[in-house]
Each structure stands twice: as C-alpha cells, then as structure tokens.
C-alpha cells in the first residue's frame, strides 16, 4: 500500500483515482470541484482542501490536469510542500519542454519527477487498461511501477524527462494523420461511386490496416461522431506535437498539415465531436 | 478446370500463372520475354507466340501489366481476337478511368471485363494470398471467383467497372501516408533523444497501431530498406491516386502532399528501395 | 503580310485572330462554331470549312485550343495537310510533354513547331498585350516574331520545345500559390479583428507585395469573384503543373498543396468564378 | 522635440535610435552591450545604466527586442518606472497575444501602449524607410506619428492592440510562401531544362510578379544567399504566424506547410542564410 496524493479528478483523473483506491492504496485527492471530491470519497478516498493537503504525508503525488499552465502552477505548489524523496508523476498530456522544466525544478528540491502521459481514453481510465509512456530516471520508473500497474496494462519507460510527452505527441500525430488519410479514402471512394464499406473492408485487411480502420471505419462511414476523444483535445495535442518538433529542431511536413486540418475541424464547430470527425473537414473541402 | 490466357509474366504475373496451373487450370501465357515464357512452360503452362495465341480458345484472359498504356494496347489486341462471352480480368494497377474505358470497349464486343488489381506483393503472388479488389458486374465477379480463388484469399467485389482500381488507389494513399507519419514520428523521437524502439512499441500497441508499424517499424529504425514494394511502384500508384481524385472531382490535401514526398524519394534516387524509405525523405529534410 | 491559318476562335482565339487581321495579315480561321467563324469574317478574316481549309496556302498556322487532346487531334490534322517549311505555333496551354511530342511529329514532316502559351487573359488578348513564352528552335522563334508582335508585348524565347509550356506551368503555380497565401492572410487578419484593407495595404507596399495584391486585394476583401480567369482553367493549369513536375522528376510540395486547394474550389462549385475565389476555400475550411 | 527612451540597440535598434537623434529628438538608450551604448553616444544620444534610466523623464519609450520573453521582461520593468501618460511603443516582432497582454498591463498603469513592428530590414532601419504597422488606440497612434516619421515611410494604423503584430505575421507568411513558390518554379524550370533566367523574367512581368521576384530572382538563380533577412528570424516569425492563427482559431494550410519548410531550412543548417535560401530546401528534397 502506498499513500498517494491525486490532483485533478476530471473525466480521466476520477476513475484513475478510484482504481488506485481499489488496488489498496490510500488516496487523498484534490480538485477545484467539490462534486468531484465527493465522488472520490464515495469511492473510498479522502478529500483534501487544497494541493498542500493532498501532498501532506504522501509517498507519491499524481497530477492529471488539462494543459501546461495548470501543471506548472500545481507542480510549483506541490514542490513547495514536498518532502525529500517524494515521487511525483504528472500524467497530463503537456509539452515535453514543460515536463523537462518541471523535472529540473523537482530535482532541485530532491523530488523524483516522472512524466507519464496516457492513451486509451476514458474507457481505458475506467478499465485500468491505459497505455502509459514514462519519461524520467530508470530507478524512479521502477519505483512508480507498483502504482502505475493499477492504472494501465502497457507501461513503458521510453527515456529521460519529457520523453513520455514526446512519445505521446508522436502517438497523436500518427493517430490524427491516419484519421485524415482514412477520411480522404472515404471521400475518394464515395466520390467515385464505390461502396465505402466494401472498399474499407479490403483496406482493413491489408497493409493499409490500422487500429483506426478496425475501430472506426463503420462509424465514420455512418457519420457517427459521438466521442470518444474530442477534436478539442486532439487540437491541443497537435499543438503540442508541432511545438515539440519545433523545440527538437525538426521539420515534419505531414504533421504540420494534419495540425491545420484538426484546427479546421475546430473552426467549423466540431470541437466536441470525436476526432474521427476529421472526415467532416475533408467533406466540407469538397462541397 | 478453366482455359486461361495470361498476358504479362513478370514478378507478379509469373507466380500467379504458376498458381493457376497448380490449381488445375489450363494456362497459355504470353510475354515479350522468352525466358519468362520458358518459366511458365516449366511450371506446366503453355507458351503462346503473341497475344492472339494466348486468347485463342480461352474462357478467361488475365492481364498483369506495368501501367495504363500497356493495358490499353494489350486489351485492344485481346478484344480484336476475343470470342463473345470471354471473361477478361485485368489485374494490373492502373487508373480507374482506363479500366472504365476498357470495360466499355469490352462490352461493345460482348466481352465481360473486370478490373481486379491486387495487393500483397510478390510474397502474396507466390503464396496465393493476394487481396483482390474487383470492379465490374456482379455476375461477372461470380463467374471469375473460381479462378481468382487460386490467386488470393481476400477477394471482394467493390463496385462497377473501375471500382477495383479506385479501392487500390485508396489503399495506396493510406499506406503511403502511414509510412510518412511513422517516418515523422521516428524523426521526432530521435530528434528529441527518445529511444524510437520503445516509443514505437507503445504506438504499435494503441490507437496509432497499424500493419505498417507491426511489420516495418524495426526495419525502418534500423534503416533497412530492401524491398518489399519499391518506391518507383508506389510513385506510380500515387500518380494514379492523385489522378483518380481529379477524375472524381475531389480534393485530397494529404494525398497531394504524400504524392510529393514519394516523388521526392524517387528524385533522391531511392526508387529501388522499399516504400518505407519515405523515412529517408523526412530525414533529408532535416539535414 | 503573312498568310495565317488560325484554328480555335474562342474567348482568346477570336480577339487574337482579329488582332492579326488588324496588323495586316491574311487570316483564314476555323472553329467548330459557325457563329465564331462569322465573327472572324466580320473582323476581316476568312472562314474555312475545316482544319485543312485553314492550313491550305498558309505560311503560319496557329492553334488556340482548350487542352492536350484537342491539340493532339488538330495538330495531326495540320501535319497531314502541311507543306514543308510551315511554321506551326500552338498557343494553347497544354502539358510540356504533349508539346514536345507534337514538335517531334512536326519535325518528322519538315514542319517547324513552336509552343507559345500566353498569359494576360481575355483583356490581354483583346488589347494585344499578352505575355508569350515560346519553346522551340531559336531560328523558328525569330521567324515567328513578326506574327507574335501583333498579339503580345512581352515575347520571350525560353528554351527548346515544351519550354514555353513549362514556363506557363511555373507561372500558374506561382499565381495560384500567391492567391492562396493572400487568402490565408485575409482570413488571419479578419479572424483576429484586424481591418484587412489597412493590413493588406501595408503588405502590398513591402516585400510581400505582388501583382496579385495590387490588382485583386480590394475585390477579394469585398468577395467579388467575377472572372477574370476562371477557377476551372486554373484547375486545368495546376493539373499541368503537377504533371510537368512529375515528368521532370521533381517534387514540389507547395504546388501539390495548391493544386488540391484549387481542386477544392472547383469541388465546391466555384469553377466559374475568378481564381481569386481560392479565398472561399480557405474561408470554408474555417466554418 | 520629444524625450525618448530606447531599449534594445541591436542591428535594427541602433540605426533607428540614431535616426531619432538625427531628427532632433533627445534619445536615452539602454542595452546590455556597452559597445552598443557607446555607439549611441557617438551618434549623439545618451547612455542609461539600466531600463529605469532610459525611462526616467521620457515622454516616449521604444523597445526593439528579439522575442516575446524579452519584451515581457523589459515591459514589466518599464511599467514599474513609468509615469502616467507615458507612450510606450514596442517595435519588436512578437506574438499578437503578448502585445495584447502588455497593452492591458500598460492600461492598468495609465500607460498608452502601441505594438508597432516593422518590415524593411537593416537597410530600412538605416535609411529610415521602414514599413510600420501599428496596433492600439487611434489617439495614441496620432501621438506617436511625429516620432515614427523619423523611422519609416509607410506608417499605418491597422487596428486595436496586437493588430500590428497580426499584420506583421500575415506579411511574413506571405513572404515565406512566395519564396517557397519561386523556389519550386526554379526547380521545375531547371529540372525541365529551361533557362530559369528567361523563365523568371516572364513571370516577373505578369500576374506572377512580386517584390520577391523583382529583388531576389537573380541572386536565387545564382545561389547567392548572403542575408538580408536570416532564416533564423523568418523561422521565429513563422512560429508567430502559426501561433497567431491558433489563437485566432483559424486553420491556414499553406502557412502550416511553409512553416515546416522554413524549419527544414534551419534544420539543414541554413539559419544564418537569407530567407531566399528556402530554395536549398526544395533542391535538397530533389536530391
């Protein structure tokens, strides 16, 4: 059993905290929303009144927050109240450079920090089947494993601080790009009078096959775009991917293009739809 | 047993014809290369002296040729010598519009034509495990099935004449695009100091997963680009995809971009490498 | 005075033929439309009953036709009826490879062929102020100059057969791209609450300045898209540019992208609007 | 005569400050480099020991700094020491959102702030012929005009706070894009065996004409890339353009693409070359 502080009890954080409780850990959570705190208490955790209260007495602190500014603010607060030896896991999806900066600040305070963003969505958070990509020191990764095992099934140490975020960015650029390609395939098939169901069945069975085709081709063809993972979030993630490329000093032409298509989805008012709604952008381009 | 004429005994056509023989069909082949004709004879087929010789007495004629001009030329020759009721399967990868034109000319002569391009490469041709996407009349598709079953495992009727080619074009634009995306992911990971093996392992296990990642991520990271499917051929296929979109009157922004990246691979002298060598284009863009 | 046959009396060809008459040349024209032939007669030319009639007795034959197939067909007819030494100027905008093929066929018949596409639009055709970019032998260019001077003000010999078409393709990719860039500038300014008139005035006065900004920024901001030069024609020209790059074995990423945006304008039903209507594509992408 | 504080005496700021002195204004400058301060003194200005010293007694304070972080830091210092009614002109090129934030902070302290980025480069700074695009209140713009007239010839009020930066971003995306298009035109012409000098001469004289073609086509064809305006700076500016589009909630596909091509120029080690070196990126893509 580990004593865990958990800050950020939203769509993802709430079921993650519940899974930690279910795994036998002592979880004290904090969130700006009282309702979310009640939910944690219902699940068997404890509610703190502020970040400091979640950090007090914790061996491990986890944050699951919307974006870089929130992480920077909460991390500063955590470090202010942390005892030496604390293990701090930020599981938010933010820019690699922010994760590196947080790791440096943590090191200066004797805190062991890991960036550990996830993929798998709300479903994976509830089921405890997330993929977790972890950046930081190898020893710290080992120390975090018993806790992370309550949250995910694929848990990989991918490199130094920030590396988890870089892998997440790479993941999102590939996923966004595949949605765009499948969308173009559908528009080409339909525009040529070809049955897209039969067509994509063939694609799914060959070298063009992908998880996206497996899971989403039928809903895309039926134009069902209930999330799933929202365009708004993928837009945030493409921003991180473009910025990460810039920081790494690399040019990624398809990524730059995909980022604009996702931005278009949002500009067209589809921010709350599933990211497969990239199809609507390619369609609108065509009339 | 069906009497089959087979024109075009190259890398793909030769093992396909051999599989037809092995399945008990009587195959008479023609190719401009005497050596290839000898190989067919060794496999148990008969060598014809010209296209007319391959057509004579055949119930089914199959062509497997490099590109549209060759198909147009050979198809004209076939139609000149065809008896009514002949079933003509063009299994080349060519533009949908050429397939539609050939189908019209065939219909005018009482010949039943199908476009039936394949994916699966030389391996699939040898093993008889090709994916075959078929355009044409449903009844003609049914009639062709006994023959096609000797060549492939996934055999799908996708629509009217040309539809097989359109699906093939859609397949190739998705495959080319995924190679480009995976290449950008590798360049981002390596450029950020992240181990690409660990990083792509995570991607392969989640929503970013694809057949390309499954089969090619390790060889790409090791920069092993022995074909496989050559850049030169994928360049031809992207040309077909862009032209097919144009004919269908649809705009496909990612496809247009991928076509230029594949063209760059060729311009850089990588035409004989595997299409995963798109990675070399993204790398060269970065120094 | 030169005896000139002129085939293709459309929006461009009709005023061009009239200018040749006005310059004192003897012009015999042919077109499939009787009305257009009447117009030539009104202008002082003679109407022929077919291509052969326009070629008969001519020192120079000019064609001004919609696209490659028409040029190939009419050029074959011209060569069939040409006497040796005929100077044949194709002023249509077609692919460089077609122009090269026509030049070879002409040479085989002792006919001197030049490709001489123009820019400047209907206005330039009427006023005799076209820009003419000429490919072919230098001596043939010199021989054609007295005739071309009746049609344009900028007349440049740019290289061997096909070179005129390549320069025209380069011209059109740059023009299309600048329209796209100006469209994005307008969308950025308006989307940021900045007055686009004041903003583009600054751009027009500095390094971002261009003929497009000089002539079209006010009409674009007012969303006035009466042609001018139609999207349909620019779509044709972008197809030529993409094909010309392919034939030259070069990858042009922005050109590939611009071609898709122009294709989108057409897919959205703006084929009859001015090419500055590329702005509608960028706008639609944004809602 | 106005009493002016000037912070940031680099390649641009130094000649600008000298021009203000020459126009009869009393200029007190500050820079971290002592050598630059000496140069200002030589030109007839006064050297301050810190930002506060440059602000003391000034009616107008101007900053000319590398990027947003420096502006945020120096602006905070200026506002700390500013008397009410001070007119603060930031002439740096930074993100519109930073300019808006600075304007809000200034307003809270009774300081009148304008964003007034420039184009025209070192040449324009020395000659006092800059283009200046100004965002902020109309009255403040009027108040700043007498000072700005010593620095530039085109001085335009384009909208509210941040609008100057948005126009600068629009300017840079158009300039970068035109360089890319001209580079592709050169690669197409040369790759097709067409003389690029003759070809670009035609383009420069027609609808494809632009300031970039007028000023840079000959040096580009000769591959002379001495700056001029460096790729590193244009890379910074494309980052601002992409971010400005993101903040405005608009998708700009060509801009996203151009940003990646400029990033590639930098990744290839051409950061210190003129931005026309985008040609090297298109060339390298082709072998």
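Points worth noting:
Each chain carries a letter (A, B, C and D) given by its place in the written order, and its residues are counted from 1.
Basically, a residue touches a chain if its C-beta (ideal position, glycine included) is under 8 Å from a C-beta of that chain, and two chains touch if they have at least 3 such contacts.
In UniProt terms, the chains line up like this: A, B, C, D = 2-hydroxy-3-oxopropionate reductase.
Please read these numbers as outputs of a predicted model, since none were measured by experiment.
Looking at which of A-D and B-D shares more C-beta pairs in contact, the answer is the pair A-D. Centroid distances built from C-alpha atoms place B farthest away from chain D. We define each chain's centre as the mean of its Cα atoms; on that basis chain C and chain D are separated by 38 Å.
The centroid of the Cα atoms in chain B and the matching centroid in chain D are 52 Å apart.
Inter-chain centre distance (chain A to chain D, centres taken as mean C-alpha positions): 37 Å. Counting partner chains per residue, chain B shows two or more touched chains at residues 245, 249-253, 255, 257, 261, 264, 267, 285-286.
Against chain A, the residues of chain B that register as touching in their complex are 96, 119-120, 131, 133, 135, 154, 156-160, 162-163, 166-167, 169-175, 177-178, 180-182, 184-185, 187-189, 191-195, 198-199, 201-203, 205-212, 215, 241, 244-245, 247-255, 257-258, 261, 282, 285-286. Contact residues of chain C toward chain B in the complex are 239, 242, 245-246, 249-253, 255-257, 259-261, 263-264, 266-267.
Those residues of chain C whose C-beta lies close enough to touch chain A in the complex are 253, 257, 264, 267-269, 281, 284-287.
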